[in-house]
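Shared between the two complexes below is chain A, which pairs with chain B and chain C, respectively.
This part shows the complex of A and B:
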């Protein structure tokens, strides 16, 4: 299997060349186009329980698609918003993805729903997040550019900008400054990640776009 | 006439260099900037043709385009015109040499003055289920057609069959035809997997797809907007 992320960073999409025996799992509705030699099959995202949680709390589909072929063929995968994508290789480790970030993974990657905690919920980051573990490549995407920070103690992140983080980090809620900043500073609640590990952030947020658009509706 | 695409692929615009007497037909509202010696004429029909303009304009409206077209004609040498679409995305130039190109309504940006632009019907099934407008724009003749997209544009040379998700088609040569069908092997799988209906192309020719899907982005942003 050959894969390439094209048109970075504005319109990242993945072109996959599948050969007989290869299989790739992709988010529901991620397929933009494919050869007619490629077969697509829906399957529950990480088993029934995980799929239900994903649907109820993550507002995502219960199903993901598995792509495979008997000969050779290409698949183009995309995400609903313009932005960059990142590919990481899991080697027994785990990464936590925010709702909407998952794009695709190799079949050795195990997807499950992980409890994110009430802090995450109040930070508008959702009660659950997707836990990806196992071995193989994992692709996730963002609205805007993706940048990483290696946290050693604590990092403050505005809500809506978190894409993915390592499980060695704990997510907490907080205020960006004092009470005055909280009311007038426009930052509201912020997330604080504590511990040691890597976070992936997006340079724009859909909440920000919605707020800007809302201020121009009349 | 020379066309250059700038700022690719995120916020592409096309710069068209024209000599005296050269002319190009653009989508209404596409002009961003132009030199002083360019004459603008707004009409419902192709420049220089007579009759049939009103009907063609109405058909174009069904294809998701505007009733009117703008014709830009240089009245001196070395004039430049800059045009762009309203959404973020790419532009490509497709050279037509006698054949026809079928363009998804909102992707048509401009075409040379010798190209006939008409709305075309792709059959009832395709009109209802392809996720695109009822009519498509058919460009016929010789010259360049400029296509715009939401997202990047990628080219697929189809030889046999190829599947494209609804909402990702930009344009295709008329040597290709498509039917709307299920995306997976079974209807159940097609809908559970969220892909639903797809367009299956058949034949031999060039196909342009867009990397992103405007309705999907709209569905994501829409619920976050306040009610009017």
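This part shows the complex of A and C:
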């Protein structure tokens, strides 16, 4: 399987060249185009329970699509919003994705829903997050550009900017500053990431866009 | 030494990207982590004596084993990892492991406590929400004129499956009318004006009667045949008429359909309400009352009977017949039942009737044996009731008639 992320960073999409025996799992509705030689099959994402959790709390579809071919074929995958995509290779390790970030993975990657906690929920980061583990490539997307930070102690992240993080990190909600800053500083709640591990962040926030758009509507 | 293997990971500067998944095992001297061939196939070892342990990660249950200069960290989240490490490392790590386990227990207790508090808050909010909707429903119903009850009742009646032909026999219908006429002057409505009660007797083997909002009373001949005397039927009628005077049907609509209907009622959107009524009438919501409403109607019906010179304790006797035949819901399911238990109701009726004091029984002047006889063979005097569009008038089982077993 050959893969390439194109049109980065604003309008990233994944071009995948499948060969016989290759299999690719992608988020429902991610497919922009595919060759006539490619077969697409819908399946529940990680079993019924995980699929329901994904749908109810993860802002994802209950189903994912599996692409395969008997010869060779091309699939182009995209995401609904403008922004970059990232590909990481899992070697038996795990990554946690925020709701809506998952785009695609190789068939060796196992997807399940993981409890994120009430702190995450109240910080508008979702009650559940997608847990990807196993072996293979994983693609996820973001609104805006993607940048990483390797955390060794603590990192403060504004809500809405977290895309993915390693399970070695603890996520807590807190205020950016004191009470006065919380009310008037415009940051409100922030995520405080503690421990050792890597976080993937998006340079734009969907909530920020929504708030900005709303302010210009009336 | 343990042969057990665990799945986890390694942080190390010598790995591409600085991290990898790993298979972790224990030998006599330390922790061994092997990364997959795809990530280089390296093996890392941290001696027990150099290992410092921490607990954390996203779940709070991940164990980190770091070497002395913190250049290599092995981590794992599997359940028995810490215990197995403790056994393998023995006294070298046991004090630290014991402290981590103690912290873990304390954290679990805290988590359980937080869940309990959270669930209690959710339950409390649910209860307060229910009470709020219930009170809003009652308050909204009070703002409506009684003409709304009549419209809703007639609309519901047109939607009900009748279960049989209407009985026109003057002896049967006349006896019921006499009972209603006796009770009517003693009804209390919110605006002080008595409801216009209209009686319909339906030939069906259903031991039941109901009164729709606005005052339409429907009595099934099954009830007449089951009752031992006119007092029992009159007591049931008093109970059903109380549902109408207390406006339980409208309250049920407001409660069942939520605040939207309550608001519709409050702003006087009768047209919108009618659409809702047409929907819920099919589901029997209007005459499917809750425990509180049944109890309220029992008490109000007894008061009316007492004032009208009717032996209201006959209601208790009638429930006795039903209880002998059908029994109560098993005790473990009682809280699920929307109706109070018959045994419970009988005791409450007895107590309330005794509290009302002595009364002067007024004779009925009804040939009850003749009424029962004619109710048993009404076909000679019955006019078929045309079924409303889409309604099957041929059904004989009261599956959509509420209160089928206990009025």
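Keep in mind that, in the parts below, the second predicted complex is superposed on the first by the 218 of 218 C-alpha atoms of A that agree within 3 Å, B and C clash if a C-alpha of one lies under 4 Å from a C-alpha of the other, contacts with A are read in each partner's own complex, and residues count from 1 in each chain.
In the analysis below, a residue touches a chain if its C-beta (ideal position, glycine included) is under 8 Å from a C-beta of that chain, and two chains touch if they have at least 3 such contacts.
This one's a predicted model, so the numbers in the text were calculated from it and none came from an experiment.
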In the superposed model built on chain A, check whether chain B and chain C fit or clash.
fit
Does the superposition put A:63 against chain B (first), chain C (second), both, or neither?
first
Quick check for you: in the superposed arrangement, does A:35 touch first (chain B), second (chain C), both or neither?
first
On the A-aligned overlay, A:82 touches which partner chain: chain B = first, chain C = second, or both, or neither?
first
Regarding the shared-chain residue A:189, is it in contact with chain B (first), chain C (second), both, or neither?
neither
A:165 in the overlay: touching chain B, chain C, both, or neither? Say first, second, both or neither.
second
With both complexes overlaid on chain A, does A:147 touch chain B (first), chain C (second), both or neither?
neither
Which chain, chain B or chain C, ends up touching more residues of chain A in the combined arrangement?
B
Least CA distance chain B-chain C after superposition, rounded to whole Å?
19
With touch defined as at the start, can you tell me which chain A residues reach chain B in the complex?
6-7, 10-11, 13, 28-29, 31-36, 38-42, 61-65, 76, 78-82, 206-207, 209-210, 213-214, 217
Going by the contact rule at the top, pick out the chain B residues touching chain A in the complex.
9-10, 88-90, 151-152, 154, 156, 160-165, 168, 183-185, 188-190, 192-195, 200, 209-213, 216-217, 219-221, 224-226, 228
Report the residues of chain C in contact with chain A in the complex, numbered from low to high.
7, 9, 11, 18-23, 35-36, 38-39, 56-60, 62, 64, 73, 75, 77, 118
Help me check something: in the complex, which residues belonging to chain A touch chain C?
89-94, 96, 114, 118, 133, 135, 150, 165-171, 194-198
